[in-house]
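Both complexes below contain chain A, partnered by chain B and then by chain C.
Coming up: the complex of A and B.
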């Protein structure tokens, strides 16, 4: 009781002094806690993050410029590194973050906002998963992006083109000397004459659908090549050909082609420009329009030659329902099954490209087919030799075909 | 069941039925829908051409700074196609057409050679790593034989006699198997399109489901 009484008396007497002491202790503790907290936040291991070294910046080869490739050596210890920040600077650009690369990479392609013929320097720094960064690396030597006149990665393509051209010239010369080049029968094309004749006998027109792709497509060019001999035959038989097109430029080419066919047959007076017309550019609207023509004009022969997509079966089925003889040909593998199922004759893939040579018997075109065949034989030989040699570790034939 | 009260859904549903009426036979409803479809698509294309090509690629670069005067040459080349409307100047069209076809052929040849020939051949070599298991070995051999025989099928300048004819026959078998697979795959995709249209009619229009 005495002790309690004494303590109360003491606190009462020294209240102000004790309050001061208490506040001092709290302040000191708060400072200590704060200091300890700050010490805890200091990235003590940041000093151990090293940046990549030996930064090399260079122009990306075989392109049109505007791309710089950056290469570097990995830091010795990458255990605490998540990736690398890549900084770029130029005369008119202050140093700024230009990209990020994962930890295990040693190369980065910078193509954002790069201008040709401007010198760029790069610095890098490592970054840990916690966001701690290293000091910046030494800057790279300046690099300049510029376009190349010649793409070395296409050298094998150039070699193939030159080889093919050489073969074509060789076979054209042989053909001009009078040697006949053999072409095997293509049943679908042999049936063209019969199909045109049938339409003439029935007094009905021939419908020629050149696909739904513009003139930039090889299949459409092939369709135009076939159109000319077909138009010539139609003119010779004094029949009528209807060519609805999906593209205005294809329409122009088709008009010229049909006109040339009629001119060669000496029947330019029979040529009706309105029979080669533009329908619409929408795929299924075009299909609906062609279906309508098939139902109303009732052509005796339908020729679907060119590039086709989902509308192929719609067209072929409608033509089949009208009882027309149908010959279809496309280089779109996914559409060929539908044509095989719904048409009388089908010209498959490369047969479409060979068709114009086959129909015209023009020595230049036939020579091109012969050159292509030699190309195929060359590929077969390379396949066999390359596979055989790869067993013994020699892969130079395979690497020649590798797209670089 | 709650039939839609949206006029647009009604129009879409009726046009769908009009197009499907072609399955019975050609009729005035199908013709009406066909002509609306074609007319609309043509109008839509014109608007797209105007706003996506004429305005941003011709009008603005020519008449607003910085002027791109070099565009005059392709524009003139393009305008030559209008020569088709004149009997006197229709020969003009040959120049843009010749440029267009030859330029695209030149662009396409390297791309096609690279992607359709070089890459395909590269992937078809029978290298030792393709024989890592029995299944892989069979697969690699099938692909190799299929490629060789299919190439032989598309060989045009030699008579199909003896071994060459037999190889071409094997090639056509491979081609037909591929066609069968593609046919089944695509039919499945087309059925899903039909299901989508039926769902529109039954759910969105009639509100049955």
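Coming up: the complex of A and C.
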């Protein structure tokens, strides 16, 4: 009891001194906590993580410049690392964060704000999931982005194009010497004459739909190439051809082509410019418009040749319902089943491109098809050889056909 | 000369320039492509629309004047074009024009697109008749694929989805790739014929 009384007396007497001591302890503790917190936040002084090493910066190849690729070696221990911060500096740019890369990567493409012919240096830091960062790595050697004049990764494409060009020129020269080149029968194109004849007998027009793609598309060009012999046949049979178009340039080309066909047949007086007309530029409005023509005019023959998409079946089924003989051809593989189902004849894929040569029988055009066949033969051989050799681990043939 | 040689020379020069441009990544080459493809094409297209509109009006006015079957559709097409054009030019903020597009044109196009479902059904009915061996094979394959694509296929036989996947990725893919290789080569051959001036039908000349 005495000691308790003594303690009370002691605290009462030294209250001010004890309060000061307690306040001092709290202050020191607060300072220590603050210092520890700051150590956790200061990035460069962390000792827990190692940064990536051997940072290499280089200009990205085969491009228009303005891109730098950064490569690095992973730190020895990556167990506590979430990713890497990438810092960039240049003469007119202070060191700043330029990007972030996940932990398992060893390459980053920097294309934000890079200027050509400016030297850039890169530093990197590792960062943990808690936000603790390592010290900065050594800076990379300076790298400069600049544009290239040739895409080395397309060298295989160029080689193939030149090879193919050589084949085409070779076969054209052979054709000029008068050598006959065999061309297999294409039933869809053989049926064209019959289809035009049928329309003439019935006294009804022929509807020619050149697809819904502009003139820049190779399928539309092929459609225009077929249009001319068709128009010539139509003129010879003194029938009528209707060509609704979706594109103003296609309309102009189609008008000239049909006019030329009629001129060659000696029937320019039968040519009616308003039969080759612009309908609309909207896909389904075009489909609705062409369907309307089919229902009202009841053409005896419908020719769908060119590039088609979702409207293919809308057109072909309506034509089928009107009882017209239908010949369709497209290079869009996805639309072929619809045409096969709804049309009498279907010109598939490359046959569309060959149609012009087939119909005109021009030896120079036919010779280009021969070059095409040889090209296909080459690809087939490469496919067979590539498959066979890849079984034994030799993949060099595959690399010929892939972009590097 | 103006009729044949000049267009052919333009096709040759521009064709080869575009071919070379593909292999040059330099910004100069990029600018050349943008000028040719974007600016020139837009300018040409702008002028071509004048011809297109002339063609549009001539075609429909003739139909109305001669009172051909369905001539009132032509009248409606002209009224719709003028109404749409004036609403775009007169209304300042484009709200009315946007409403016309969103609440009239878009639903009309969606209606046309939705008709495809019925056309697919009627085309499939005709295509899947077992007339000969090939048609029967097509019918059987189509039935397997259709059943395998819906939950009942898995319910009937666990291996059905795998069988469908095999059909799609092996025999179907092989045929598609065969056609695509042909299309690719054919497209290159046609482009070369045009560049070299062998193919001239699209210019109106032989």
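For the reader, a short list of remarks on this structure follows.
Quick note on the criterion: the second predicted complex is superposed on the first by the 355 of 404 C-alpha atoms of A that agree within 3 Å, B and C clash if a C-alpha of one lies under 4 Å from a C-alpha of the other, contacts with A are read in each partner's own complex, and residues count from 1 in each chain.
Methods note: contacts are C-beta pairs under 8 Å (C-beta built on N, C-alpha and C of every residue); 3 or more make two chains touch, one makes a residue touch a chain.
Quick caveat, the model's predicted, so the values are computed rather than measured.
Once chain A of one complex is fitted onto chain A of the other, the partner contacts of A:133 are absent, as it touches neither chain B nor chain C. In the overlay built on the shared chain, the residue A:360 is in contact with chain C alone; chain B does not reach it. Contact with chain B, but none with chain C, is seen for A:402 once the two complexes are overlaid on the shared chain. Using the contact criterion defined above for the overlaid structures, shared-chain residue A:62 touches chain C, although it does not reach chain B. By the touch criterion stated above, A:376 is placed in contact with chain B and with chain C alike.
In the superposition on chain A, A:277 makes contact with chain C only, not with chain B.
In the superposition on chain A, A:252 makes contact with both chain B and chain C. Using the contact criterion defined above for the overlaid structures, shared-chain residue A:149 touches chain C, although it does not reach chain B.
Contacts of A:386 after superposition: chain B is touched, whereas chain C is not reached. Chain A residues 154, 157, 161, 216, 218, 221, 248-249, 252-253, 256, 279, 282, 284-285, 288, 292, 296, 310, 313, 333, 336, 338, 340-341, 348-350, 354, 369, 372, 376, 379 lie at the interface with chain B in one structure and with chain C in the other. Those residues of chain B that touch chain A in the complex are listed here as 19, 22, 26, 30-31, 33-34, 37-38, 40-42, 44-45, 81, 84, 93-94, 97, 100-101, 104-105, 107-110, 112-115, 117-119, 121-122, 124-128, 144, 147-148, 151-152, 154-160, 175, 178-180, 182-183, 186, 190. Residues 62-65, 147-151, 154, 157-158, 161, 164-165, 168-169, 172, 216, 218, 221-222, 224-225, 227-229, 248-249, 251-253, 256-257, 259-260, 264, 274, 277-279, 282-285, 287-288, 292, 296, 310, 313-314, 316-317, 320, 331, 333, 336, 338, 340-342, 348-350, 352-354, 356, 360, 362, 364-365, 368-369, 371-372, 375-376, 379 of chain A touch chain C in their complex. Interface residues of chain A facing chain B in the complex, by the touch rule stated above, are 154, 156-157, 160-161, 181-184, 186, 215-216, 218, 221, 248-249, 252-253, 255-256, 279-282, 284-286, 288-289, 291-292, 295-296, 310, 313, 333-334, 336-338, 340-341, 348-351, 354, 358, 369-370, 372-373, 376-377, 379-380, 382-383, 386-387, 390-391, 395, 397-398, 401-403.
The touching residues of chain C, when paired with chain A in their complex, are 19, 22-27, 30, 37, 41, 44-45, 48-49, 51-53, 55-56, 58-59, 62, 68-70, 73, 105, 108-109, 112-113, 115-116, 119-120, 122-124, 126-127, 176, 179-183, 185-194, 196, 198-199, 201-206.
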